[in-house]
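Both complexes below contain chain A, partnered by chain B and then by chain C.
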Partner chain A sequence: MDGKIISIQVAIIGGGPAGIEAASILSRYGVQVSLFEGESKWAHNIGNKFKLFPDFSSADELVQTLSQKIVENQIPAYLSTKIVALEKQKNAWVLTDEQGRSYVADTVLLATGYDIFDAKRKEELGYGIYNGVMTSVDLEAMLKTGKITNVLGEQPQCVTFLQCVGSRDEKIGNHYCSKVCCVTAVKQAIEVKKMSPQTDVFVFYMDLRMWGQGFEELYREAQEKYSIRFVRGRISEAASTFDDRVQIKAEDTLVGQPLKMSTDLLVLMVGMEASCGTKKLAACCGIDGEYGFALSKQPHLADNQTAQRGLFVAGACKRPMSISDAINDARAAATEIVEYLKIVPANKK
Partner chain B sequence: MDFGFTISKPRSIEPTEAGKEQLRLLEEQVPTFRRCMNCGGCTATCSAGHFINFNIRKVHNLYRWGQYKELDEELQKCMLCGKCTLVCPRGVNLRSLIIHLRKALNKDHLSNDFQHFIRNNNR
Partner chain C sequence: MKRYWNEYQKKIADDKFFYERSCIRQTFFPGSEAAFLKMLREELGKDIYDEANQHTCTGIGYHSDIVPLQTTMTVVARLFALMTEAGYENYVPSCVTSFGVFTEMVEMWKHNPELLEKTRKILYDTTGRTFEIPKNIAHPSDIIYKFRYELKQKMKYQLVNRFTGKPLRVVEHIGCHYAKIFPKAGVGNAEFPYVLAGMIEAWGGEVIDYPERRHCCGFGFRQYLVQENRGYSIANSKKKFESMEPYEPDFIVANCPGCTMFLDKWQYTIAEMENKTYDKNGYGIPVLSYEEMAGLLLGYDPWKLGLQLHQVQAEPLLNKIGIAYNPNEKFTGVSGKILPRPEKPHNLLV
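Entry: the complex of A and B
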């Protein structure tokens, strides 16, 4: 790269499932693509999980399969290359990375995905203050160790999940639903019960959104087979007890009574927000939509196109979505890009 | 009877281990109870509830939390007609549940007939 400007047909920003899938499809169509990922690993937003809904398949295996696609298709792919600026110059897009290197591309696919909500912003829930409070992503790391423990390293008596942390909450400015956390809580609750059958598991919810195939059945199984308790009500306060457990306050809105109980672990189901990269790059080229997510041209027929010619979007940079949603969306984007490259002669883009 | 809301008495639910144990027992006796998703279908169709203030869904929820106060009297309002069982979308055997609840809450309330029913309807 030594200072030269690299010229590319299609630049794909973001090496998550969406970016990798689009890159591999496009390269199989004979399109010359380059893939840029800001982190040092591919699909780190998958690699930090243990097992995935809906089928409890291994997250590490999915990352491996995706990485393999990059190798098999010999895609020029750059890790630790965060793109910090994107602008249209004449008929090309100019990308600039953190090190100041520039790349010129005919076409760009934005696949910069999401970051989790910073749970510290909900101070009343005590994340970063009380040892027993963790996020759903922290719990994935614990599940990877194969053992569920409380802060003393013992088997927990009780694990409690709280839905909608950082989503559906005017107080932090996110009115939307993050879509994946309801089923993730059901999945994680089952995993906790499998690893620690003696533990009481509670899930506090406002609505349970079991939108996908098999999700409702999984919820039913969580109740029937694992005795997981689903309580309708939002935990609005957490405090520490003398023995380093977490005391929570909620209302069981279905009996109309306030509730006070202590739990070893309180797991916050953090929502999906537009990633820093998504916010920044979408704003750079005027396609920033609500909450900083990237805005497509039209939701039904042009959901991968944007207001800018030659700039496409795919995956969770647009809105919260699951992996299969993101991968399907990336395939759709690849089709759009192939069409676009066909109808726009090389000298007129 | 005043069932439900009072202003003067604080009624914060604080689950106890004993209460959890009671629930575990009940769930073993009536495993379908675990599947309840609180839709309220049972209450809506309840024969007794059409004439008097009686909310069967709320009763079994209070039991879940170990809130037994006045529950046995409340349960006497049920006529064991079984309509609730017929409508439940999650297949909860409410009739059996109610009988087991009565039994757990106050054995004196059970006639021989009911005890026979329990023996023959263990699920």
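Entry: the complex of A and C
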């Protein structure tokens, strides 16, 4: 690629589920697409997971299936190629990567996804300070090992989840709901119980938003079959105990009582934030919305279009979204792009 | 590991300070304010003005809903007028409640300029005084924190156990009005405040991070001022002591008059009520103000710092550090007069 400018019909920035799915659909329509991913793996956020809600299917298998689509459709795809600038020049979009290479595209689909909220910003919860405090992403990595252990490497007596870390939080400045954490905590709590049935599992929540098909049933199963205890209340602070457990303070708002307890592991259900790439590229093109997410043209009828002609958006770069929603959104974006390419001759873009 | 408190550094003036004393500190920690002035003037060579005509900030009355807001604003304005008349711009209130009150009033005026104008008018009509809002409001603990390495150069002792060579294990406690009203007004914010921890670490000690580190000391104006509520006060202190006890702290340091006093005095009360002390040998855990801690390490005489007026006596700590003191001068007043000796408690050893 070095030394020349590469011309592309549709450039897709972001190799997560939305980017890969859109590339796959467009490719099948005969559109020439190129796919750019800044990380060294496709769909790395999914790859960090163990199993997926609500069916406990394998995350690795989904990554495998998505990656296979790139191969099957012979899509020019570039890993470890971080696009750092995006600019409209005359009728084309110019993309520049970290190494200074340029690509010219007629149309661009932004699918730059999300980053995980940095739990260290909630200092009162002790992430990065106390050994027993981890994030939901860390727990997925532990689940992948097939064993749940406390900081001493033993079976934990108690595992506690806290919802809405970095989401619906005025102090942090993220007023929005990250949408997937509620059901993820239910899924993870069940996985902990399956691996370690003797462990007591608690989930602290503000309200549980079981919006998707099968979610409510999973929540009920968690209570009835796995005896997972759900407590309505926020944890105000975490601290290390003398024996390296985690002491938490909360209020059980249904009982109306303050509560103090110790747990081996405190799992922080970290929300989604606009990824660095999303923030940067959306700002480059003047489509930066609230909280740094990319702004679509209209929420009901033009949710994949933007204020810029030839620039489309899909997936969690717009707002927190589940994997299946991101895939569906990518399909919708692909349809929009096909329509756009049909009605706008190349010299009118 | 990234520690977010590094981003919460506040601006602390370098020099030319106007000092405002606390209502209660000279009674309970009689050497602390004098030691602070001495450190700034003699150790650091700073200009700090000690105004003779100062008065209350109304803090205790304000937080108890006895003094109305406009009165507090006007009283604060008069103190600022004294600073302005003395030719200073950097305000240093000795008490954390005063620090909280001043920070709050200035913030309120920023958002409600009409209140500022009203206060200016009331002050002028009643006293003929005018004032400028300080360019910088810093608590004395902020200033000691800022110059902790400069002071270290002059220190004779470190926070090290001379018998074991290990760092002393220190519980630090920050007053609520220092960082909990306006977290960004405190070094290190409210969750992991660093103002005292920074001093301890710089001077050779080790900070104990115990479960109830952020819990209330037990002072709390409404808990203490209303006699019927005092059970809450001692219960809170007890909760903290029980939480820190397994870590075997060598001493406690605080930056609030109320915290320092209550963490000290309630140890006596708990010992009398339950025959329980929180150190292995029955002497209790010494409680120091940050000026006393700095003063001891600088080699100031413990009795001139006023340590004999504490409930939990400091000799075991002085021995651990190796600080020289004359036991015979413990109850000799500054005038040379021999002071009456306090009664010995039944359970807390002295």
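Some notes on this structure:
In this text, the second predicted complex is superposed on the first by the 349 of 349 C-alpha atoms of A that agree within 3 Å, B and C clash if a C-alpha of one lies under 4 Å from a C-alpha of the other, contacts with A are read in each partner's own complex, and residues count from 1 in each chain.
Assume contacts are C-beta pairs under 8 Å (C-beta built on N, C-alpha and C of every residue); 3 or more make two chains touch, one makes a residue touch a chain.
Treat the numbers as computed from the prediction; the structure is a model and nothing was measured.
In the superposed model, A:254 lies in contact with chain B only, and not with chain C. Once chain A of one complex is fitted onto chain A of the other, the partner contacts of A:128 are limited to chain C, with no touch recorded for chain B.
By the touch criterion defined above, A:224 lies against chain B but remains apart from chain C after alignment on the C-alpha atoms of chain A. Residue contacts after overlaying the shared chain place A:196 against neither chain B nor chain C.
In the overlay built on the shared chain, the residue A:120 is in contact with chain C alone; chain B does not reach it. Of the two partners chain B and chain C, it is B that touches the larger number of chain A residues. Of the two partner chains placed by the overlay, only chain C lies in contact with A:242; chain B stays clear of it. In the superposed model, A:324 lies in contact with neither chain B nor chain C.
Contacts of A:232 after superposition on the shared chain: chain B is touched, whereas chain C is not.
Of the residues of chain A, not a single one touches chain B in one of the two structures and chain C in the other.
Within the complex, the chain A residues that touch chain C are 120-121, 123-124, 128-129, 237, 239-242, 247. Chain C contributes residues 1-2, 4-5, 189, 191-192, 209-214, 246-247 to its touches with chain A in the complex.
On the chain B side of its complex with chain A, the touching residues are 4-5, 11-15, 20, 24, 27, 31, 34-38, 57-58, 61-62, 64-65, 67, 90.
Only residues 200, 220, 223-224, 227, 229-230, 232, 252, 254-261 of chain A touch chain B when the two sit together in their complex.
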